[in-house]
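Two complexes, one shared chain (subunit A), two partners (subunit B, subunit C).
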Partner chain A sequence: MNAAAWLQVLASGLLMGLVYGLVAVGLSLIFGLMDVVNFAHGEFLMLAMYAAFGLFSFAHLDPVIALPLVAAAMFGVGAFAYAGVVRHALRFKANTGMVQIFATFGLATLIQGAAQYLFSPDYRSIKGGWLEGHTLNVGGVFLPSAQVYAALVSVLAFGGLYLLMTRTDFGRALEATREDKGAVALVGIDSNRVFTLGWGLGAALVGVAGAVLATFYYIHPQVGASFALIAYVTVALGGFGSVFGALAAGVIVGIVEAGTAALLPPALKALGVYLLYLAVLFLRPQGLFGKL
Partner chain B sequence: MDQTGTMPAVSNAPAATAARSTFAQQRRRQLLQGAIVLLLITLLPLFVTNAYLRNVLVLTLLYAALAQSWNILGGYCGQVSLGHALYFGVGAYAASKLFVDHGVVVWFGMLAGGALAALLALVVGYACFRLKGHYFSIATILFAEIGLTLLHNWDYVGAATGIQWPFGADSWWTLQFARDKTPYIYVALGLAAIVWLVTWWIEDSRWGYWWRAVKDNPDAAQSLGVTVFRSKMAASALSAFFTAAGGAFYAAFVSYVDPDSVMNFRFSLLMALPVVLGGIGTLWGPVLGAALLIPLTEFSRSYLGGGGNGVDLMIYGALVMSVALIKPEGLVRLFAKRMAAR
Partner chain C sequence: MINRRDTLIGLAGLAGALTAARAQGGEVVIGAIYPMTGPTAQVGTDAKHAFDTALEVINTAVSLELPTAKNAGLAGLGGAKVRIVYADHQADPQKGRAEAERLITQEKVAAIVGCFHSSVSTTVSATCERYGVPFVCADSSSPSLHRRNLKFFFRTAAHDEMFSEAMFNFLDAQKAKGQKIASVGLFYEDTIFGSDSSNVQRKLAQERGYKVACDIKYRNSSPSLTAEVQQIKSASPDVLMPSSYTTDAILLVKTMAELGYKPKSIIAQAAGFVEKPTLDAVGDRLGGMITRASFSVDLGEKRASAHAINEKFKARAGRDLNDQTSRQFTALIVLADAIDRARSTDGQKVRDALAATDIPGDKTIMPWSRVKFGADGQNTFASPVLIQYVGNRFVTVYPFEVAAGAAQWPMNG
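Moving on to the complex of A and B:
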């Protein structure tokens, strides 16, 4: 392969990697906040993609327009999942880790079954959206406009998240709660409320990811599972709880995946990512930007 | 040996003498319970003649064995593995490959697959046991996914199409029974009984105390001279061995393996779920959990899941969620109120 082809691989990997970062950041945020791995994260993504598809099919809203609606709906789903399920899983002192895993895994299976029941297992895709079929030519590198849009949204979302976390009271409450739950209670912050909003925010972020992915990716009840696996790798690679570690790790995962796909048969494209993850695990168990 | 002597010191220092005698009684009572349950299940095929129900019985016993194996690492040693599908698949593939290509009987395949999985568990353990909590669980998922990806692309083991077992005469030697599935019930029962017995033995062995110490407080265990890393490695290898033996049995039972039917992430969860349901780190928890969960899974799949409408998944998911939230210490605790305090 020549340099131009590698540039193409790098660009595609970068675009996809930014989306991976966006998919993963909600997971990382929630983990950082309260030490819970949400095994329904992929299903949240799937719900968001179906929401975008539904709004396109029935209300004729292009996913680009529908994005805020999808994010807002997912905020509700996340807050509800916390208040209805996860809050109860945190009550227990005995084997809390297992309870969390299986409570959120049960929720994931429930959502997946409901999606299969309501939407059928068929593969769907949004046909005739604004971004479909366009390709940008940047100095000989061809970039599908839907993916460029997705990457741009990801960058904007991370920018917004940065402002939210550093410039607002909510962001500061979030940061304080993740550092010391007991101490924030003393200064009058209701950690339960922060957790609810944190789950809402995490789900809204994966909602944004779902809305942009829906512009160029197939939608089916199991679509969350494959992205969830990449999200776990991304979060572990970036460091559990590190929000911007997720962004950096997402980009790395995207580029390594694109590179592996260019060198090995496409079926093995995930292998490069897994091996990279294992290498990082060995050299730096807490991930690139995490604290153990 | 000092094994029985150390026990009260670990669990309950005061009233040591009294605790020791009730503990010994409890151990004997468990053996008696085990013998009764074994006898009842041995007689069960006399009453259960329906082929479908017998099939469910085989799967229930298999999962009791698998859950019991998972419990060795996850329950006693406290390392929550979500990658046991790797060992299950290795056992299934090793037995299939040995039998189909080399005519090696399944009984040996179980041992060989088990040994291979135990070795693999040491490799995985070497890489992962420095990790804690969720980092460890996610890493085990990844190892199983790497195995799955490799199987999908490895022509030597049939890549995505897997390995089909040839049709042959019914025989205990090759563990092939085309018509009457009753022998599978007894083999699965034997496997479950062996793993149960090993677990029973572990509960009062030196390793058992080490593992529980590692689970409860690794730093304290280390300071008392328990070699944490080696304890985890031993639990992992033992757990993987029996999981793979179960995988080898499963391959013989269904006469067909392909990557997703034996190494899917689903299996990792299916092995852990009965443990959580029944009671993690307990002797009877995995058995109780499997006895409830597996028939329920099979029935909901057969009667409600027709055409992939997702109803079975919804019920299953709601069930798992409720169990985790309502009885997180496991159903075995419902019976355990009377039992000696731990």
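Moving on to the complex of A and C:
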């Protein structure tokens, strides 16, 4: 491969990495807020992709327009997942960690089964969307417009999240609750409400990711699995709970993965990502940007 | 007074008697192990439609020139009906092995058909061998499957050596016509299907003097194939030969388009490339693609039963029979015919009946000359065809005797 081909690999890795970051940030947010790993995260992504597909097929809304609708719907799904499942799982006093894991894992299995039952296991994709088939050619490097759009949305979402976390009361309540749940209760913040909204926000972010992914990726009841695995690595790499660590780690994972696939036999492309992950685990167990 | 122990003994005796009676009067139970959930669940769903179509032929009287069609149920077993018990392997060889064991010991199946993924057929057939239960491999094409000296393994369809040989015969013929074909590019997924397929293709390429421009083994169901496609693009082979399941097939074609790469020609090892979801999603970029096949709808013009069965299948599944579903249908018919002739559900007797199978090609829906197994359980008469995707449908282009027309070559000139 020549220099131009390498440039292409890096550019594609960067675009995909920004999407990985966007997929992972909701997971990181929820973990940072209440130390719960949401094993249904990939299924949230899948639901969002089906929502975008449904809006496109039945309401003829392009995924670009449908994005806020999908995010809003996923906010509801996330809030409901907390209020309906996770909140009850947290009540158990014994073996809390396990109960949380199994509760969200069970939720994942349920969503996946329901999706296969309701939507059939066929692979869907959005045909005839605005961004389909357009590719920008920047000096021999091909940037598919759907992926450029996805990367832009990712950057904007992180920007918006930054403003939300630093400039609003809700953001400050979120930050305060994650630091000391007991203390915020004393100043009159209902931690249950913050958790519900936090789950909603986390799911809405993965909803944004699903809506942009739907513009160029196939949709399937199991589609969440391959992205969820990368999301877990991304969150651990960036630092559990670190929102912007997820962005940086997503980009790193995207580029390392693409680079490994170009250097080694592509069957081993996950190797680079996991080696990096292991190295971080040994040298900096809290992750690149984690506080812990 | 009846105590609990007597009741249990009575129930156990009753259950045993029922199992014995089931084969004679009522029904023959056959296990089908397919991916019913997981990334390839759609294959399992379609397989169920194919088997339901076969059950209609077997269990009701149908006037078609197919074995077991004429009368309702299996005549050799007093009109016994065939019932299928499904098990889900989720593309996992270990789950397949466990399910085979369960079907044999708990459900008392007379035989098992399966399993789409070659990797799963490997473990399931080994389990069947251990219990002395016949395994009819419907749609796994790895050549290594029939080379393990298994006595209970039978494969009705062609394997990848036969398929790949047809591909290279076709390439040689194109070259003889003056086409410039110097190199091939191998692109294959990282389980036994992909590696077996590529091993054969690599060997054939070397023997017949084609340069292997790229040899890419990739991780299946990856979120991205950009770097992989970049390598194909850099190598720019005259013929791209992918061995991929549906998810990767869709992603591969999309990524090639995104990177502005038009492969000169594609000859695919079927699998994902003949699945309707792939053609729905990226079919507009696959015009001119050639794939190996065991079946093509245009063959229905030559075999009346193929046309009729396709209609029955389409009414259930909402799509035409393809490479996979036609093989699944045929495997179950061949198995039912053997059980019918064995007049028994005993593993050894069904095995012997399968080994004695000799069905002429015109009594099948396939383009094969006949169904007759070699000592290794492989049907040596399952002649493969190559089909080309032109104008949203497949037409047969090879062998030339059965071709509907000349192949469009190269795919992207």
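What we mean here is this: the second predicted complex is superposed on the first by the 292 of 292 C-alpha atoms of A that agree within 3 Å, B and C clash if a C-alpha of one lies under 4 Å from a C-alpha of the other, contacts with A are read in each partner's own complex, and residues count from 1 in each chain.
Quick note on the criterion: a contact is a pair of C-beta atoms (placed from the backbone, for glycine too) under 8 Å apart; a residue touches a chain by one contact, two chains touch by 3 or more.
Owing to the predicted nature of the structure, the values given are computational and were not obtained by experimental measurement.
A.B. asks: With the two structures overlaid on subunit A, would subunit B and subunit C clash, or do they fit side by side?
C.D. replies: clash
A.B. asks: Mind working out whether A:A267 is in touch with subunit B, subunit C, both or neither, as first, second, both or neither?
C.D. replies: Both partners, subunit B and subunit C.
A.B. asks: Where does A:P68 make contact in the superposed view: on subunit B (first), on subunit C (second), on both, or on neither?
C.D. replies: After superposing on A, A:P68 lies clear of both subunit B and subunit C.
A.B. asks: With the two structures laid over each other on chain A, which partner does A:G113 touch: subunit B (first), subunit C (second), both, or neither?
C.D. replies: A:G113 contacts both subunit B and subunit C.
A.B. asks: Could you say whether A:F92 touches subunit B, subunit C, both of them, or neither, answering first, second, both or neither?
C.D. replies: first
A.B. asks: In the superposed arrangement, does A:P121 touch subunit B (first), subunit C (second), both or neither?
C.D. replies: Touch status of A:P121: both partners.
A.B. asks: Looking at A:L278, would you say it contacts subunit B, subunit C, both, or neither? Reply first, second, both or neither.
C.D. replies: Once the two structures are laid over each other on A, A:L278 reaches subunit B alone.
A.B. asks: Which partner chains sit in contact with A:F227 here, subunit B, subunit C, both or neither? Use first/second/both/neither.
C.D. replies: second
A.B. asks: After superposition on the shared chain, which partner residues are touched by A:F102: those of subunit B (first), subunit C (second), both, or neither?
C.D. replies: The answer is first: A:F102 touches subunit B but not subunit C.
A.B. asks: Tell me which partner A:E257 touches in the superposition: subunit B (first), subunit C (second), both or neither.
C.D. replies: second
A.B. asks: Residue by residue on subunit A, keep only those touching subunit B in one complex and subunit C in the other, then list them.
C.D. replies: Comparing the two interfaces on subunit A, one with subunit B and one with subunit C, the shared residues are 112-113, 116, 121, 221, 225, 265, 267-268, 270.
A.B. asks: With touch defined as at the start, can you tell me which subunit A residues reach subunit B in the complex?
C.D. replies: 31, 35, 37, 85, 88-89, 92, 94-99, 101-103, 105-117, 121, 221, 225, 229, 232-233, 235-236, 240, 265, 267-268, 270-271, 274-275, 277-278, 281-282, 285-286, 292
A.B. asks: Can you list the residues on subunit A that touch subunit C in the complex?
C.D. replies: 1-2, 5, 8-9, 12-13, 16, 20, 112-113, 116, 120-125, 127, 133, 135, 137, 142, 144, 146-147, 216-218, 220-222, 225-227, 230, 257-259, 261-262, 265-270
A.B. asks: Which of the residues in subunit B come into contact with subunit A in the complex?
C.D. replies: 80, 82, 127-128, 130-135, 137-139, 141-142, 145-146, 149-150, 152-153, 265, 269, 272-273, 276, 280, 308-325, 328-329
A.B. asks: So in the complex, the part of subunit C that touches subunit A is made up of which residues?
C.D. replies: 37-39, 41-42, 44-45, 190, 216-219, 221-224, 226-228, 230-231, 233-234, 246-247, 250-251, 254, 257-260, 275-278, 280-282
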